[in-house]
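See the structures that follow.
One chain, subunit A, links the two complexes that follow: it is found with subunit B in the first and with subunit C in the second.
Right, the complex of A and B next:
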C-alpha cells in the first residue's frame, strides 16, 4: 500500500516538474514584459511601458504583420492543396502513387538549414530572389507535407461505404465530397492547418535565408533585435504571441472533440 | 417500383471469375434472397445491380430499362449496408433526409417525408440523435428509412442483419418483412444465413463460385434441391452415393434407395440421393413391412444431441454417419450403441446426378 502511494506521489511530482520545465521560462518572460526594469531586476514593479513602446516600434510591428500574413496564406494554401492531394491519394490508383507518397516524408526530416540553402540557390536561379513572396513559397513547401500526412491519416479511418451510401442516395461526386468526405477529414485538415500555421509562424531558418532587410518575418526580426541589444519589447511581443497561440490551440482542441466523435 | 432482370452477367477481377454468366429475373414487388458462401459472388452481383461496379458482359435492366452502364447515383436504388454506413457527422433526421436533400427538395417537404419514414421504422422521436447514440437495431432502422425515403425502384440489402445479435435479428427479420410488404418494393438481399433466406424471402437464389446453382421459392429449393451443394448448403441433408436405377440408386453394397423425385438419370449412371434428417423415422426393431416408408436401413446409434424440442441422432451405417432429427415427444430416448432401423419414404428422397 505504502509503495503505491509513494509511486503515485512520484508520478504527480513528475507531472508538475514536466509542466514547470515547459512553462516556467514562458511565465518569467511574460512577467518581465510587465516589469519596469529592462534588465530583469527585482523587485517586480508593474508597468505597461514596454507594450506602449512596442506599439511605436514599426519594424517589429511590420515584421509581426508579415509573419501573420504569411502564416495565414501558407495555412490556406496548404489546407486546400493538402486536402485535395490527400483525397486524390485516397481515391485514385495511378502510376507512381507509392513513390509519390514516399516522397512526402523526406522534406519533414531534411534539416531546414539545408532546405533553406537549397531554396535560396534555387530561387536566385529562377529569378524569384528573396523577399516575402520567396518566404511564402518556402513556407508552403515546408508545411504542405504535414497537412497531407495528417489528413491522409484521418482518411485511413474513413469507411468507404459512406461514400457509396451517399452515391446510392443520388449524390453526385461533388455532393459526396462536400457533405460526407470533407466533414469526416475536417479534424485532420484543421490539425494539419494548425501544423502549417505553426511551421510558418515559427519558421526562422528558411525565413532568415530568404528575407531582405525590409521584408522579413517576426522570428528573424527578433533575432536581429536581440543581436543589436535586448529590449523588453521582445518580451511583450512574445507574450502577445503566446496568448494568441494558446487561445488558438484551445479552440482547436474543442474542434477535435467535436470531430472525433463517431 | 420495378422488377430487375439480370441476363448473362459476367464479371472478372483479374483471373478470378466473380460472376460467370448469371441470369436471374427478380419479379416486381418480390422479396429475393441471394444466398451463398463467402466468395460465391453474391455481393458482387448485388453491387452490379446497385451500379457500384459494371459487368464485363451481359445486361441488367430495372423496370425494363437497361442500366448496366448507368452509375449508381442515377439508378434510383436504395441500399442498406452491412455496417449501416450512417453519416457520423449528421443527425438521424439529416441522415434520412440526405437523399431528398441532394435532389434539392424544399425543406418543408423533406421534414414531412423524414418524419413519415422515421415513423415507418418506429423511430419517430429519435430524429435529433446522432448515429453513435443509437443501438445496433436502431441504426439498422435508420439505414432502412434513409434507403426508402427516395422511393427507389429497388431495395438492396447487403447482409443487413449480420451485425445484430440473434434475438434482435429475428425481430428485425419480421420488421423488415412488414415494411417491405407495406411499401411493396422489390427487395434483393444478400445473406450467408440460410435460415434468414428461408424465413424471409419469396424466392432464393443460391450462388457458388460465381454461378447461379439454383433459384426458386424456398420450399422448392429445400424439398427439391437439384445438386448436392444446394441440398447441403440450404439445410442439412444425408447424401447417399451409388448407381442410378432410374427411380433411385443402388448403394455399393447392393441396398436400393428409392427416390420419389429428381433428375431423370439413365440406369447405371453415377448418382446421389438426398434425404433431410427430419424426414427419417427411427425404430428400435424391424416391425412389419412399411410400404409408405419403403427405404429401410439398419444402423447403430453412435451419438445423441439433445436440443430441447428435438434430438439429433447420429446413426452409423456401413461406414457412413447418418443424421436423424426426432421431435421431442417425451417417449423415445435411444441409447448410444443401440441397434436401430431407419425408414423414410421415396417422396422424401431426391435423386440427382453425382457432382
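Right, the complex of A and C next:
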C-alpha cells in the first residue's frame, strides 16, 4: 500500500500546484498595485499612490458607479421576475412548460459575443440604441435564467404538503405564498440575487458592445485602459474588482449551501 | 379524463401566465428577438436605419465562403477551442479525481471552493493578471533568471502560448467542477471490487473510471469549447498581433469597420457551428446520464 500513499501524496501536491496556477497571477497582479514603480520594476516598494490616483480618475469613478448602479438594479429586477417565474414553473402544470424551461438555456449557452452583437443590432434597429439603459436590458436578460435555475433548484426541495397544510388551516393564496413558500425559497432567491449581481458586475462582452463613450461600465473602461497601455492604476482597480467579486461569491456559496437545509 | 387534464392544464397556464410573462417577455426582447434580428440583418446590404438604401442579399454569406480569410480564422478559432479544451482536461481531470477520491471532509470542501472561486471573478482582470506574469521583464522572466544560473529570456507575451495559458486559466475550473460531480458519484466499492479482482490502476482508469465520468468530461468540454471559439478579448490582450481569431474579426466588424451586416453573418455562422457542436454533444451526454 506504499504506492497508494505515494500516489495520494502526489495527488495532494498536484492540487496545490493547480491552486498556485490559479492564484499566483492574481496575487502578483494585486501586489503590483502596491508597488512604486509604474513599470512594474522590482525590488518591491510599498505604496498606495495608485489607489489614491484612482480617486482623481473621474472616468473610472463614473464607470464604477455605472457598474454598481446597473448591478443593483439588475439584481432587484432579476430577483422579482426570477422568483415569480420559478414559482409559476414549480406550482402549475401546463402545456409547453418543458419548452419554457428549455428556453432558459440558450442565453446561458450561446457565447456572449453572439448575444452581445445581436443585442447591439436589435437595440439599434428598434431605436433603443446604446448606452446604460441598453446595458441594463442586456444584463437582466443574461442573469435572469441563472436566477430562475437557482431558485427552481431550491424549490425542488420544498414539500408541497406545507402549502396544502397552510391552506387547510384557512390561509388564502397570498398568505400561503407570503408566509410559507417565500420564506422557504429565500436562500435560493438570495443566492440567485448575488449571482445576478456578480453576472452583471463582471459582465464585459455584452456591456462592451452596448456602451458609448460617456456611458460605460468598469470592465469596459478597464479593457480600454489595458489596450492603451498597462499602468498600476489598472492593477489597483482590478484588485478592487477581484476582491469584491470573490467576496460576493463566498457569500453566495454560504447562502446556497448552508442556507437552512436541515 | 383527457378533457379534464386538458382543462386543468389550461387553468394552470392561466394562473401561471401573470407570473411567467414578465420574465419571458424580458428574455424575448433582449435575447430572442435580437438573435432573430441578427439573422434578418445578416441578409441585408445596409442597416435599414442608416438612411442608406438597402436590399436583401446573400453577399455577406458568400463573403465568408469566397474569402478564405474567414474560413481560415474560423478554423483557427475551432483549433484554439480544441487545444484549450484538451489542456483543460489534462490539467483539470486529475485535480477533479484527487478532489473526489483522495481528499476528504473539510479540506475537500475548502479546496473545492478555492478551485471554483476564481471563475466567478472578472475574466478580463484574470487575463490582465497573466500579462503581468508573461511580459518580458515580467514576473516569470525575473523569477526564472533569479533562480537559474544562466540568462534566459522569457517573453511569452503576445504569443499563441500566452493565449492558451490565459484561456486555460480562465476555463479550467469548469472542467474540474463537472468532472468532480461525476467522479464523486462513482461508488468507491466499485473501484475496490475491480482492484481486488486483479485490475491494475491503469486498467481501472481506462475501463471503469473514465467511462463512468464521461458525462462530466463531455459537459465540461462543451462548457469550455463554446465560449473559447467565440473569445476575442483574451486573444487581443495576450496575443497582440498574433491574436487574430474569428472572434476578433467579428468584434472588428462592430467596433472598428462598422460593417454590421457582415458582422451579423459571421456571428450567425458561429452560432450555427456552435449549435451543431452542441447538438452532436448532447446525445453523448444523454446516453451517458
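We take it that the second predicted complex is superposed on the first by the 253 of 262 C-alpha atoms of A that agree within 3 Å, B and C clash if a C-alpha of one lies under 4 Å from a C-alpha of the other, contacts with A are read in each partner's own complex, and residues count from 1 in each chain.
We take it that contacts are C-beta pairs under 8 Å (C-beta built on N, C-alpha and C of every residue); 3 or more make two chains touch, one makes a residue touch a chain.
Since we're looking at a predicted model, the values are computed, not measured.
Visitor: Who does A:183 touch here: subunit B (first), subunit C (second), both, or neither?
Guide: Only subunit B is touched by A:183; subunit C is not.
Visitor: Is A:123 touching anything from subunit B or subunit C once the two structures are fitted on A? First, second, both or neither.
Guide: second
Visitor: Just checking: does A:224 make contact with subunit B only, subunit C only, both, or neither of them? Give me first, second, both or neither.
Guide: Neither: A:224 stays clear of subunit B and subunit C.
Visitor: Touching A:72, do we find subunit B (first), subunit C (second), both, or neither?
Guide: neither
Visitor: Which of the two partners, first being subunit B and second being subunit C, lies in contact with A:111: first, second, both, or neither?
Guide: Once the two structures are laid over each other on A, A:111 reaches subunit C alone.
Visitor: Figure out whether A:167 sits in contact with subunit B (first) or subunit C (second), or with both, or with neither.
Guide: In the superposition, A:167 contacts subunit B only.
Visitor: In the overlay, answer first, second, both or neither for which of subunit B and subunit C A:140 touches.
Guide: Second partner only, subunit C.
Visitor: Of the partners subunit B and subunit C, which touch A:159 in the superposed model: first, second, both, neither?
Guide: first
Visitor: Quick one: subunit B or subunit C, who's touching more of subunit A?
Guide: It is C that touches the greater number of subunit A residues.
Visitor: Pick out the shared contact residues on subunit A: the ones touching subunit B in one complex and subunit C in the other.
Guide: In the superposed arrangement, which is not itself an observed complex, subunit A uses no residue for both subunit B and subunit C.
Visitor: In the complex, go through subunit A and note every residue touching subunit C.
Guide: 8, 11-12, 14-15, 18-19, 21-26, 28-29, 32, 40-42, 77, 81-82, 84-85, 87-89, 91-96, 100, 103-104, 106-107, 109-115, 117-125, 127, 137-138, 140-141, 144-145, 148, 198, 202, 204-205, 208-209, 219, 222-223, 226-227, 230, 234-235, 238, 241-242, 245-246, 248-250, 252-253
Visitor: Touching residues of subunit A toward subunit B in the complex: what are they?
Guide: Residues 159, 161-162, 164-172, 175, 179-180, 183-184, 259, 261-262.
Visitor: Can you check the complex and tell me which residues of subunit B touch subunit A?
Guide: Residues 50, 52, 71-74, 76-79, 81, 83, 85-89, 98-99, 102-103, 130-132, 146-147, 150.
Visitor: Taking the touch rule as given, give the residues of subunit C at its contact with subunit A in the complex, in rising order.
Guide: Touching subunit A from subunit C are residues 8-10, 12-13, 15-17, 19-20, 22-24, 26-27, 29-35, 37-38, 41, 47-49, 91, 94-95, 97-99, 102-103, 111, 113-115, 117-118, 120-126, 128-133, 135, 137-139, 142, 169, 172-173, 176, 226-227, 229-233, 236-237, 247, 250-251, 254-255, 260, 263-264, 267, 270-271, 274, 278.
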